[in-house]
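Next up, some structures in structure tokens.
You will see chain A twice below: alongside chain B first, and alongside chain C after that.
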Partner chain A sequence: MNGYGGSILRVNLTNGTVAKEPTPAEVARDFIGGRGFGIYFLLKEVPKGADPLGPDNKLIISSGPISGMLIPGGGKCDWTTKAPLTGGYASASMGGHFTAEMRYAGLDSIILEGISPKPVYLFIDDDKVELRDAADLWGKATFAVEKQFKEKLGEEYQVAVIGIGGENLVPYACINHDYGRQAGRGGVGAVMGSKKVKAIVLHGTKSVPVADKDAYRTGGMALYKACKDAEGLKEWTRYGTTIVVSWCDEVGALPTRNFSAGSYEDGKNLYGPVMREKIVITDKGCFGCPSPCGKYSRNKKYNSYVEGPEYETIGLMGSNLGIDDIEAVAQANLLCDDLGIDTISAGNAIGWAMECYEKGILTKKDTDGLDLKFGNVEATFMLIDKIAHREGIGALLAEGVKRAAKKVGKGSEKFAIQVKGMEQSAYATHNATAMLLAYMTCDVGAHHNRSWAITYDLQVGREKVVPEKVARVIWLQNFRPMFDVLGGCRLQWVELGIDRDLYVPALEAITGIHRSWEDLDKVGERIWNLTRLYWMRENEGFGREWDLPSPRFYEEPPKSGATKGQITSFEDVNTLLDMYYEQRGWTSDGQPKPETIESLGLKSVVA
Partner chain B sequence: MTATLRLSGSLRDMTGGKAEIQVESGRTVRETLASLGIVPEVVALVVVNEEQQSKDHVIQEGDVIRVLAVIGGG
Partner chain C sequence: MRLYVDSAKCSGCNACRVACSLNLFGETNPKKSALVIEPQFPAPGVYKVSVCTQCGDCAAVCPTEAIKKDEQGAYYVEFAECNLCEACVPECPEEVMFVRSKLADTAWKCDLCGDCVAVCGTSALWIAEIETAAA
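Coming up: the complex of A and B.
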């Protein structure tokens, strides 16, 4: 099948067997790959009500047709599972070089099933597939394990590994790869840990068949040329995602002290140029990337090296904790990566704990004696370690802010910044209604990457609640995650602004199937509806209540910064949902109507 | 008394597809963007003659100004 490795690898951890089956042509036709494969297999194969950390859950790792190809950004793979953090759908995108080697080993998906009786790692070298003993790796941090494999096997072997957080089933444990890339959100690392899989190590040498080699070469080169000629390539490469730190501070989107404001009085110390000057030593890119956004840093203050920090970590581990020292943020980044926990959720959990402490809801008796004032760098480092080990107050914070606030109570639920149980990524949304709606309706919880609509708020009036904004959010939700379906990176479109139509001939040359963006957006819409149906299936009474944001964004206007005194009313929050559900073809309680499911051709998938 | 304004991809949607525009000197980048129908807040970075400047930079004759929009995030 052109454009595909050709096989799905099933790994039954309970009985230690592996088996390959041909990638189903009709699934490739209808769901293309990546997160499309993920939701298809999740819905079809993981039984209703499965314990996310039990044997019935599966971890589905999928590449897409542009993964590992000479297409800008073809270095992404999708990790789908039932999320331990939320009890709903999780799909985490990971960059690096893993997905390319997966394809060269002939694999479109790897599905981990069951639970191993002892720690193992999965070893794949072309057609050789083995589960190997990992007793000596269990308990080790991620960088040491990756280094050990690379030194033993060679640089071409790619490693995805969990840390202590994944072993301890922290619901926001991540999977590390390439010394600094992660499948970060929703707790995919905890699912891997529950299955007692410490790492996946793989290498492949096969070719991926393409339909038209000449057109593939021409289409790929046209995309690379567009990137090379793009205005801004130099700056995006120099600063990566940190380019937006100063911008977010200016417009009131930089999370500050647990999202109580959107501008940080000491934010200048965290801006991209400051970081570049102070700690960055080189750029680091994923497979085939013409605009490497990874920044590799030497941290003299802590005598360490780390990939990053990128924007999200600067927001959540910096301003959100009242920390203005970029070297301290870089060190917090390193600790999270090495221990294998998501910096976004961890930054939220620590910010919530600091606010609890400053309000007297938590005292030193609760915090193992730590003085949890905002800005306390040493306490932040200790909390990261405690979370990964689930020690003392770390055991509470490891649950995520929704569960932690439910346990602690005393009004702390109101400043637990999350949607559907997933902590919000680094955009404050006090007065940015499209971005707020994007967070409310995101299919994994409060994450930004599906629909990033905040500039649209600024263009049309940030407080406005109008159908055009809702339509924009929906279009982005259908379109942007298609990069996660294709197995590529969206940043060349996002940052460099290259014409998305350039992907069409290249994709056709690879797969032999012509798909316009109109067709692709429709696939995105189908997948979006399937993820909604999955949430409904797994959660009794799932509906509008689940889409509500943190009350902070409709009850507490910031006392300072660019959004001082600004808020979105609760009435507007509900109006946004009314418009959204109507435009999506969902009921007033946010459930896809039967006719919507029918018109999208999804009846057979959910039957 | 003119300078050259170059727009990154997504900003061109707001100028009818124009990638490069001749603008008058003597005004700030912020004022110039607004006069072209570009909301200055969507611009993340202003580079004048290959040096980063604020949106309040007063445009000089012969300046080459590159402006980058924020569309994506992390």
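Coming up: the complex of A and C.
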């Protein structure tokens, strides 16, 4: 099949067997790849009510038709599962070189099923697929395991590995790859850990077939030329995502002290140019990327090396904890990566604990004696370790802020910054209604990448609650995740501003199927509705309540910074949802109407 | 003319290797490219890139004279004339002369097509006149 590796690899861990089946043509036609394949297999194959950490859950790893191709940014891999963090849908996107290698091994998806009786790793070398004993790897940190495989097998092999967090089933454990790229959110690492799979080691030497070689080359070259000609290329590549730290600080979007404000008085010490000057040594790109956002750092203060920190980690492990030392943030980043936990959720959990401590809700008796004031770097490092090991107060924080706040109570629920149980990524949304709505309605919980709408807030008036904003959020939610479906990165469009129509002829030349962006946006809309139906299926009573943000954003105006005294009213929060549901064709409780399901052609999928 | 690289600018993305395989074989398969990127992580955290200098040492030992020189001074492999003897491989001082018989029934090397330069977003690669010791 043109544009595809051609096979789905099923790994039955319970029985220790592996089997390949041809990638179904109709699934490729309707769901294209990546997270499209993910939600399709999740809905079809994981039974209702499955325990996320039980044998019925599956971990679905998918590339897409532009992965590994001559297309800028074709290095994204989708990891879909039922999320241990939220009990709903999880889809984590991982950069690096893994997804390209899957394609060269002839694989479109790898589906991990069941639970292995003992620790194993999955070894794939073209058509050779084996489950191998991982007893000596269990308990090891991620970098050591990756290094061990690379030294033994060579740099052509790609490795995805869980850390101690994944082994200990921390619900926001991640999967590490390429010394610093992660499938980060929702607990995909815990699912891999529950299956007793320590690592996947992958090597492929096959070529990916395409429909029209000449048009593919022409289309791919045109995309690279557009990226290289883009005005912003040099600046973007110099700083990567850290380019937005100063902007967020100025507009009040930089999470500060557990999102109590959006500007940080010492934020300047965390800005992109400071980091570049102090610690960055190499620009590190994912597969095929002409504008590498990865900044690889040498941290002299801690005598360590780490990829990053990128913006989200600077926000959550820096300003959100009242830490203004970029080298300390980089070290916290390294500890999280090596132990295999998500920096965004961990930064939220620690920020929440620090606020509890400063308010007297948690005391030294609860914190294993740690002085959990904002700004305490050493305590932050210790908490990261405790979370991954579920030790002492780490066991509480490992549950995620929603469950932890429910246990602790005393009003701490109000400053547990999450939606649907997923901790919010690094945009403070006190007065940015489109971005707030984006977080409220995001399909995995409070994550930014489906609809990064905050620039639109600034453009049209941040406090406005108007249908145009809602329409913008919906368009972004339909369109941006299509890059995850195609197996590529959206940042060439977002940051370099290249014309998205340039992808159309290239994609057609690869797959032989013409799809305009209108067609692709429609696929995005179908997938968005399917993920909503998945949440409903798995959670009785799922509806509007689940879309509400942290009360911090409608009850507590910041006392300082660019958004001082600014808030979105609860009435406006509900108006946003009313407009959103109406435009989506959902009921006033946020459920897709039968006619919406029908008109999107989804009846057979959810039947 | 030859290809030059500044390894310090390489971000390891491999776009060059995809473009190379597409030019040499009409395939999307970086294992069949003529550039080598060696990631050195976690420390010292750099990429080491090897490219062909067009020195011609490979051509000098080829028993079938399958490695020829084109009008711009680039040595290329005439695939049909290669007998896979591998004599060229150890001669290459940069280790960018390839024989992987499972992947292709010919040796291959850089033919200076320039596609790698065209896709490199960090300007790590360029083509220029060969610098001589006298220059």
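Descriptive notes on the structure:
We take it that the second predicted complex is superposed on the first by the 607 of 607 C-alpha atoms of A that agree within 3 Å, B and C clash if a C-alpha of one lies under 4 Å from a C-alpha of the other, contacts with A are read in each partner's own complex, and residues count from 1 in each chain.
As a working rule, contacts are C-beta pairs under 8 Å (C-beta built on N, C-alpha and C of every residue); 3 or more make two chains touch, one makes a residue touch a chain.
A quick note: this is a predicted structure, and the numbers were derived from the prediction, not measured.
If you put the two complexes together on chain A, you find that chain B and chain C both fit without a clash. In the superposed model, A:Lys284 makes contact with chain C only, not with chain B.
Of the two partner chains, chain B is the only one touched by A:Pro273; chain C is not. For chain A, the partner that touches more of its residues is C, with chain B and chain C as the two candidates. Legend: residue contacts after superposition of the two complexes on their common chain; A:Ala135 is shown touching neither chain B nor chain C.
Legend: residue contacts after superposition of the two complexes on their common chain; A:Thr205 is shown touching chain C, with no touch to chain B. In the overlay built on the shared chain, the residue A:Tyr296 is in contact with chain C alone; chain B does not reach it.
Judged by the touch definition given at the top, the superposed model places A:Ala19 against neither chain B nor chain C. Look at A:Leu458: by the touch rule set out above, it reaches chain B but stays clear of chain C. For the three-chain overlay built from the shared chain A, the minimum Cα spacing from chain B to chain C equals 17 Å. Shared interface residues of chain A, touching chain B in one complex and chain C in the other, do not exist. Taken together, the chain B residues at the contact with chain A in this complex read 6-12, 14, 19, 39, 41-45, 47, 52, 66, 68-74.
Of all residues in chain C, only 8-9, 11-15, 18-19, 21-22, 25-32, 38-39, 41-47, 100, 102-103, 115, 118-122 touch chain A in the complex they form.
Residues of chain A touching chain C in their complex: 68-70, 72, 75, 97, 100, 104, 143, 147, 155-156, 178-179, 205-208, 210, 213, 217, 220-221, 224-225, 227-228, 233, 237, 281-292, 294, 296-298, 305-306.
Listed in rising order, the residues of chain A touching chain B in the complex are 230-232, 235-236, 241, 243-244, 246-247, 250-251, 273, 310-312, 425-427, 448-449, 452, 454-455, 458-459, 490-491, 493-499.
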